[in-house]
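So, here come the structures, one by one.
Look for chain A in each of the two complexes below; its partner is chain B in the first and chain C in the second.
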Partner chain A sequence: MIAELGLAALWLSTALAVLQMVSGALGLKDGGNSQFAIYARPAAVVQAFLAVLAFFLLLYAFAVTDLSIKLVATNSHSAKPLIYKLTGTWGNHEGSMLLWVGVLALSGGLLAGLERRLPEKTMSATLAVQGFVALGFYAFLLLSSNPFERLPVPAIEGGGLNPLLQDIGLAIHPPTLYIGYVGLSVAFSLAMGALMTRQVNPNFAKILRPWVLGAWVFLTFGITAGSYWAYYELGWGGWWFWDPVENASLMPWLAATALLHSVSVLAARDALRTWTIMLGVLAFSMSMLGTFLVRSGVLTSVHAFAVDPERGSFILALLCLYIGGSLVIFALRAGSISEGKRFSVTSREGALVFNNVMLSAILAIVLLGTLYPLLTEAFDVRVSVGPPYFNPAGAIFAIPMLMVMAIGPLLRWKEDKPARIQFELALVASVVIAVIALVAILGDYGILPVLGLALSIGLAIAAFLPLRGRRLRLVPVATWGMVCAHFGVAVALFGMASESAFTEEKLAAVAPGDVEEVSGWTIELESVDPVAGPNWTAIEASVLASRDDEAPTRLAPQSRNFWSPPQPTSESALITRWDGQLYVVIGDQAGVDAAGNNRWQLRVWWKPFVTFIWYGGLLVAFGGILSIAGRVQVDLKRRRASAMGQERRDDLDALGDADAADGPVSEPAE
Partner chain B sequence: MRIIFAIPLALFLFFAGLAAYMLTQDKAQTIPSQMIEQPLPEFSLQPALDGMPGASKSDFIGGEPRLLNIWASWCLPCIAEAPHLERLKDEGVDIIGIAVRDQPAAVADFLSRYGNPYSRIGADDISALMLEIGASGVPETYVIDAQGNIRYQHIGDVRAETVPLLLEKLEEAR
Partner chain C sequence: MMRFALAILALIAGPLGVGQALAQQAMPPAPYAYVQLENPVLEAEASALMETLRCLKCQSQSINDSDAPMAGDMRHQVRSRILAGESPDQIRSWLVQRYGDYVSYEPEVSATTWPLFAIPLLLLAIVGLVLLRRLGKRRSDGIDVGGEAV
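Up next is the complex of A and B:
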């Protein structure tokens, strides 16, 4: 019954998406006077409710392990802990696609339900686009990836969930990332709606901004969580692998970061109109491209789902429809939008444009590196593009971007003289140079980590300079958001640079009782014992780690073997200190030592300040939240003020006070 | 319509065409060794058990093309491929074995249970040859021509249907 209800909810949502699309389009055609146009908003809201309901029904089927549903039978197991039964809902292709569609419908519903400031015609166009996009993904779900498909005969036991996914990371990383990805669909629809109705103006930018910020906050958080998950779960000691699917999450983030800055320029100065529209299209296009790369199997990745060329073709068709379609409209219409107000190179806009271009260049670098293997494979050459390409090529654009990011917020809008901020410039420059000199004296490190360290410290100071000379209580919340996010970038950069410059690694074959040293840590292997969990067995090492004179901490890295499905995983053990992390992995048995004891591979890393990478990511996301809160607060104040003004005018009208009505009504200050 | 606004569309169309083409292509799931069509690396391995000769590169030079079989007594698929190697031996093929990370007693036990198709077996105790030859696992079988060049790599166990293929490749390598 649950499966049928879920399927019915999905089909109803699909019908409502058609209604939303058609009535939105009619509203666009008849200048908002069509009697059908009124259906677009309720259709979006009810559709959101039904699609989310379908998702919760699947969640329930996983929670009770309903083995008559094919998806549950192939991807879950009755012996799994409840949390992994629930998170397993989106640990597979169909379920994650349902989550994707549910978030898509929810974003559309929220847009339709909450947004009242946009001109009706633009809103109709936006909802039509949102309905059109949703329709394609409903079709994909129902026609080629039905999550509610029944088995002719219920299975006796389920196939289990990939053990790498049996982790709390699965509860956090995919949902937040998907909210970010699909939240960008609203930016896409709004951009198309504004483009079609020629409403690209500051008012539109102010409406667009919170949606972009919201999606961007979730993306930032999702990427940060995913990076930490890969770091501790894969047991490779790295936090970013330039895997195609990681890149697929980075690209929308880069586009969204550029977008939220250009949207601010549009809102404040009515400049960068076509550029903002282009980024709105690009951000969600990158989300869809990521979906295609993950699910079609054209590229090899650790995230690969069960690969099916038919599904790949389906998504590629959707891509052509949506990305291709929007780019055609862009090509035809963008010429009719004037570029907006001019500004000088040394101005806030100038700095933001520069950073937009740099972000787009990094995006292009990542996109090229991700798709390059696809291109060479067409000529039967198999290549793998990794850090030797991405790091230096990205840094060429990231370093100037970070420099401008340090001073950009200090500049005034429209036009400014560098001489005005010479104290700040000198301060940041001298800090950067001092750090470079200091690190160069201390040791022999790579150029990128050294530059990264110097820039991160310069940027950390620069992030707070916009507050200089201001009364902190009066600084708008949104400005605090910017300070926090920029400081977060500096913190994350510091972590990355420190990790790559100062990490020490030791790989040793040790027998119980042996002692190893890494960067001031003493590591003793006490014993190695078999242990068993609910759905796995493991070899667990007991390791004593201590630094200086402190009492040793016991660590228990495991080499696990899951039996449903059978797969080995490595459970790393970590000690987190304020200045870094000790990362211990136990490997295979490595022969016998002279005394006849079994030896084990033990891999130990000391990673100074590596945690700053994720603290920084969280700060960036928190900065985004502050910024949204600030904008919403200002907006609500303004609405309340104008509502009060309206009330007073109404009162005056009602009193029939001719003098007051004819005379200039004093508007409350906005 | 300004041409600059059509650039994103053109780039996307190029990608879509490429992706569509690649979707229709068969995707090879294995990565062949970069050593194919290259001479064998120099090596000289001790015998893996008493009473049999070890293996070195010079054993592959001259005469007929030979098979190089990477295996181990601890490897389960190697048990499955043993009868098919036996068939190849019956066809007159000279098979030189490389036992990876093995013990003489275990090798002798394996051969007495599952037969011995090898003319010589070298002991690769630290997987050195395996790495140099570009093997991705155990078992793997290579066709080596009489000049000591690697001509063909078979990844995984030799099955009934692989036997004619290997014979054909040996013929080509003459």
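Up next is the complex of A and C:
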């Protein structure tokens, strides 16, 4: 029954998406006077409820391991711990698409339910676009990836979930990332709605901003969480692989970052109108492209995609329809939107434009590096594009961007003289040069890590300079958000540069009792014992690690073997200190030593300040939250003030009416 | 999204994993697969090279980041050849000869990869042009506006 209810809810949502689209379009056509226009909002809200209900029904099916549902039988197992049964809901194609669609409907519903400031006509257009986008993805889900499909005969036992996914990371990373991904659909719809009704102005930007910020906060958090998950789960200490799937999440983030800065310029200065719309389209296009890359199977092999192209071609068609359609509307309408207010090159807008262009260029590099191997593979030429390409090619644009980012917030809007901030410029420049010199003297490191270290320290100082000379209690919350986010970028950059410059590695085959040393740490393998979990067996090493004269800390890295599906994984063990992390992994048996004791592969890394990468990511996300809070606070205050003003005016009108009633008497008296 | 990479990786590695576990019991991994070279200079050289070689059985991982037995064998090859005095470039070209360009992450300009280098250069030109148009023109406009104001 559960599965049928879920399916019915999805079909109803689809019908409501059609209603929302038609009603919105009619509202757009008749200027909000159409009788049908009133249905768009309720359709979006009810649709959100139904789509989310469908998702929770699938969640329930996974929780009770309903093996009559094909998806559950293929991807779950009754012996799994409950938390992984639940998270396994989105650990597969159909379930994750249902989550995608659920979030899409939910953001549309929130937009329809909460947003009252937009002109009705723009709102109708926005909801029509949102409904149109949702319709395509409902169709994809129902026609080619039905999550509620029943088996003719229920399975006896499920196939189980990929062991690498049986981790708390699966509970956090995909949902947050999807909220960010799909939250950008609202930015897309709003941008299209404003473009169609020619309402690209600061008021529109103020409405768009919280949606962009919200999606961006979730994206930032999701990417950060995913990076840390890969770091501890894969067992080799890598935290970013420039894998196409990672790039698929990075590209919307880059576009959203550019978008949110551009929206701020539009809100504050009424400039960069077309830019903002363009970036709004680009951000969600990148989300959809990411979905295509990940969901079509094109990444495993272009040829695999060509053999079973149903799902892939479906998303590809949606991709062409939405991106192509929005670009056509953009091309038709962009001419009618004026550029907006002008500004000089040395102004805050100038710096923001520069960095928007740099972010877009980095996005282009990532896009090229991700798609090029797929393109050549279609012609039977296999090319590898990896870190040695992405790092330097990205750095060409990232380094100027980071430099401008340090000074941009110090500049005034519209026009400024560089001489006014010469003290700050000199301070940041001298810090950067000093750090480069210092690191160059200390050792022989790669040019990118050295530049990264220097820029991160310069940027960390520069992040706080906008607060100089201001009464801290009066600084708006949104400004604190910017300071926090920019400081977070500096912190993350410091972590990345430090990790790649200073990591120390020790690989060894050791017998119990043997002692190894790495970067001032003494590591002793105490013993190796078999252990068993609910759906795995493992060998667990007991490792004693100590630094200087401190008492040793016991670590228990495991090498696990899951039996359904059968697959080995490494469970790393970590010691986190303020200045870095010790990363210990136990591998397979490696023969015997001279005394006849079994030896084991032990891998140990000391990664100085590696944790700063994720602390930085969290700071960036927290900055975004502060910014939203600040904007909402100001907005509520303004609304209350205008409500009070309205009340007073109403009172006056009432008085005036009263006056008018006995007007003939009072008027001459005045 | 990373988990999908992992899932795909598992699909590829899954069936192999079983065979690998059996094979490993019969045959210990090559000596230098999980052991570093004694000489830190040579090890650093090997490590830098291994970071730019692709693990052919994994999804987007270098051989320095992988548990796959093939990556282990390749690490052993790299370390023992470095120890034998070969240069990293020699080893890379030997591996490329054996496995094709696909094995190397280090980009090299060739008939099949030139767009990877041409497009960023083009991009650089476009970025310069866009900035010049958007900011360069503005400056003169700004002066004009200033002039009007005076």
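The rule is short, and it goes like this: the second predicted complex is superposed on the first by the 647 of 670 C-alpha atoms of A that agree within 3 Å, B and C clash if a C-alpha of one lies under 4 Å from a C-alpha of the other, contacts with A are read in each partner's own complex, and residues count from 1 in each chain.
Keep this in mind: a residue touches a chain if its C-beta (ideal position, glycine included) is under 8 Å from a C-beta of that chain, and two chains touch if they have at least 3 such contacts.
Bear in mind that the values here come from a model prediction, so they are computed numbers and not experimental data.
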Margin query: Let me test your reading of the model: by the given contact rule, A:273 touches which partner, first (chain B), second (chain C), both or neither?
Written below: neither
Next item on the list: In the overlay, answer first, second, both or neither for which of chain B and chain C A:382 touches.
Entry: both
Check: For A:41, is the partner it touches chain B (first), chain C (second), both, or none of the two (neither)?
Finding: neither
Item checked: Which of chain B and chain C A:296 touches, first, second, both or neither -> first
Next item on the list: Please indicate which partner A:235 is in contact with in the superposed arrangement: first for chain B, second for chain C, both, or neither.
Entry: second
Next item on the list: Please name the chain, chain B or chain C, that touches the greater number of residues in chain A.
Entry: C
Notebook entry, point to check: Residues on chain A in contact with chain B in one complex and with chain C in the other?
Noted result: 382
Check: What part of chain B is in contact with chain A in the complex they form?
Finding: 1-2, 5-6, 8-9, 12-13, 15-16, 18-25, 27-28, 31
Item checked: In the complex with chain B, residue positions of chain A that touch it -> 274, 278, 281-282, 285, 292, 296-298, 309, 312-313, 316, 319-320, 323-324, 327-328, 330-332, 334-335, 371, 374-375, 377-378, 382
Check: In the complex formed with chain A, which residues of chain C make contact?
Finding: 1-14, 17-18, 21, 24, 28-29, 34-36, 47, 51-52, 54, 59-62, 64-67, 100-107, 112-113, 115-116, 119-120, 123-124, 127, 130-131, 134-136, 138-139, 141-142, 145
Next item on the list: Report the residues of chain A in contact with chain C in the complex, numbered from low to high.
Entry: 91, 162-165, 169-170, 173-174, 177, 226-227, 229-230, 233-236, 238, 241-246, 248-249, 290, 294, 299-300, 342-345, 350, 353-354, 357-358, 361, 364-365, 368-369, 372, 376, 381-389, 393, 396-397, 415, 505-509, 561, 565-568, 570, 587-591, 601, 603
